[in-house]
Amino acid sequence: MKSVLPIVSVIAALAVVPLFVQSNVTLNFLVVTLLIALAGQGWNILGGYGGQYSFGHAAYFGTGAYVTAILQVRYGVNAWIGFAAGIAVGAAVGAIIGGLTFRSGLRGSYFALVTLAFAEVLRIVASVAPITGAGVGTLIKLDLRAQALQFQSRAAFYWLILALVALSLLIAWLLERSRFGAWLIAVRENEDAAMALGVDATVVKLGAMVLSAAITAAAGCFYAQYFLFIDAGIAYGTWISIEALLTPIIGGVGTVFGPLLGALVVKSLGEGAKLVAGDAPGLDLVVYGIVLVLVIWFAPRGLIGTVADARKWVLHRSSRSVREAGHG
Amino acid sequence: MLSPAILIPAILNGLLTGAVYALVALGLTLIYGVLHIINFAHGALLSVALFAAFFAYQALGLDPYLAIILLAPGFFAFGYGLQRFVIGPASHGDDRNMLLITLAIAIILENALLYAFRADTRTIDVPYAFETIDFGFTFLAVPRVIGFGAVFIVALLLWLIMGWTDIGKAIRAVAKEKLGAELVGIDVAHVYAVTFGLGTACVAIAACLLIPTYYLNPHVGNAFVLIAFTIVVLGGMGSVPGALVGGLVIGVIESLSGLILGESLGQIGIFLLFIAVLLVRPSGLFGARA
Amino acid sequence: MAEPLLVVDRVSQRFGGLLAVDAASLSAPAGRITALIGPNGAGKTTLFAIISGFLKPSAGSIRFNGEEITGEPPHRLARRGIARTFQIVQPFAGLSVLENILVGAHLRHRARTVALAAAEQVGREIGLGDMLGRSADTLTVAGRKRLELARALATDPKLLLLDEVLAGLNPSEIRDFVPVIRGLCARGITILMIEHVMQAVMSLSEHVFVLAEGRIIAEGSPAMVAADAAVVEAYLGHGAAAKLGASHGL
């Protein structure tokens, strides 16, 4: 993507939505969609651009959520500081997990397995440790003031998450245009060749992991502030690991807008399924799973990638037919 | 210090549980050995099999051990179809896609169960559930002893299939040298599907052996599958004897760490062991790069 | 006399029971083209993997520019100025030709615009000028070989390790490629090449090392090596000496 204009226009278009839509249900839907888009953009940095498929991004989401909540509830820390700390600690967890796995040279299936296992360990620890409220969970006290990072209106929350999503889009856009990004993509495409060209693959992957973890942790921090309650199954649950990878893969893996588009599609389908079949646990995930299979089967580069391919194909055809016409 | 009176039954019970773990792991390692993918749907398939065994008992009055005769071929066919008509064509031969497809199947199966049957935990009441055998120094539950024996019969059968049948030879050929097997006219897609079917049949048998003494809910398979991953990693990816020995070892470790640390922390012990093995000896245990 | 740019000193590589490289020594003097030849399975590619840091040797040492570099990882060697191509080409298949070369150019240039300009220049120099926008996986074998070379060259190397860059090319493509390699040497880049295309070895290199069963069995000028009966027998099989002599005489 050449210019930053598409990002500006998409964000601008989304920013005016609350001026026209007052329905709390709709705004809530959009907030959750943007939240998933943010978590997905985190996954996309590592999985999409770096080719390292993590099955355990809940580790960062949950850490962000718990750190934000625990600092406020147990230590009386200001919510904004708690939010920043959540991102920082999430990134640190990413550094630890990345450091261990990449130094061991784990790739592919093994990387997926080990990230899944780390997230599970954190979930079990959180479900028994006293500091997380163990099985009961942690409740953040209602305090609807901006300095407590809580807002009376949904619109304010909406703009906050939109700002975070805008930032994540910008990060992906900058990544695509930076040396670090070029190296990261090179590692995804062919690690040996990248190393031969002077790329320190371990450091590059680790950097991507930290950035990725920080972004997904930010989504967790926001979750805690928005819903004011978390427990081990929410914060470190497999649902978030799945949704974080689902959105970029469906929208377009390794593209700036993939996670946002994927989140919109996935969440709309989930809501649609609920409308048709009633609100029942599991139904939305069944739909997500089917969509995932279909996308990989018929549009392996995701929706954005497939549209790009189709456009290239049409352009190629028309240029050929022009040439052929010229010959004739 | 724990007295032998507590320790020995714990070890024996660990072995009995471990045998069933081994059977689940056997299916996983078989699929890995031939297709070189980690089947993330394995746990969900176990949940489905447990539900199948449950309804075979509740609706048809079929004893779980008899149900094996029905479920093993049924799940073989299901696994065969999944690989042949979904996983194979959908993944375009890309490993990362295969990983995602098996994950997607896991999500679909597990949540379809959740949608259909809610999260309630169920059990069946077979008349022999609480019968025990007196070994002098300890009592062991009859169904678990039967399970232990059955696992070794299944392993033996599998070994015979692999060693002495045409399809077994074809499976081994594909596992060793896929391209070469293809060149001599072996239908690789068929072999892949048969392997996946055998792995799924293992899971169905494990479900039938488990259900007399275990409970079921839509997520129950997950608890097993991470343990099965651990076993497979410990025993060596693709190694059948490794899966058997690894299963027994993990069963005992879990039983003992549960005794010493309590149930939740015991579970963490398994995961940490799993992570440690993956981190410390990844290439040594798996050979080729993923 | 100054030490050669690259010195490989009694390097061995053991894989389990197999001794793939057995106390092999060779050197590549600055500004020259040196060739490494030998029959299939002689350990040439293993030796390259050691020199470029992809394998740690079981024994022996490697010096580059007078400094000990044994066991350094590939990315650090690239920074020092050692670039390599792969026998089996390894393009970044999902990227365009220019983006492929850009990855190499970024080693010396952080800023994207500067690196892009450098990559484009290297691409044109190697004859990929009108393919820069194409996806790397649409290139022909010859195109991929050129890309492999361009990418390595973009790292601005002092020493270039070429692993069979001419293999798989047809005679006219080889004819086009040979001057490119000679041009690199003229620019002051030291080249060590593994090559099976004997014609090219004869015309390009001034000094040849012969590796057979992991050992260096001969070295010298191409003519000397070609005349060495033991080499010819080991390397090309019976009766090849006469044939080679005839073609070289042309």
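So that you can tell them apart, the chains are marked A, B and C in the order they are listed, and the count of residues begins at 1 in each.
Please note the rule applied: a contact is a pair of C-beta atoms (placed from the backbone, for glycine too) under 8 Å apart; a residue touches a chain by one contact, two chains touch by 3 or more.
Keep in mind that what you see is a predicted model, and the values were worked out from it rather than measured.
Ranked by C-beta contact pairs, the top pair of chains is A-B. In this assembly, the chain whose C-alpha centre lies farthest from chain A is C.
Between chain A and chain B, the centres computed from C-alpha atoms are 32 Å apart. With centres taken as mean Cα positions, chain C sits 43 Å from chain A.
For this pair, chain B with chain C, the centres built from the Cα atoms lie 49 Å apart.
For chain A in complex with chain C, the touching residues are 177-179, 182-183, 185-186, 189-190, 192-201. Taken together, the chain B residues at the contact with chain A in this complex read 37-38, 40, 86, 89-92, 94-97, 99-101, 103-108, 110-115, 118-119, 218, 226, 229, 233, 264-265, 267-268, 271-272, 274-275, 278-280, 282-283, 286, 289-290.
Residue ranges of chain A in contact with chain B, taken from their complex: 51, 53, 55, 100-101, 104-114, 116-118, 120-121, 124-125, 127-128, 242, 245, 249, 280-283, 285-286, 288-290, 292-293, 296-297, 300. Note for the complex: chain C touches chain A at residues 52-54, 73-76, 78-79, 83-84, 86, 90-95, 99, 102-104, 106-107, 110-112, 115, 151-152, 154-155.
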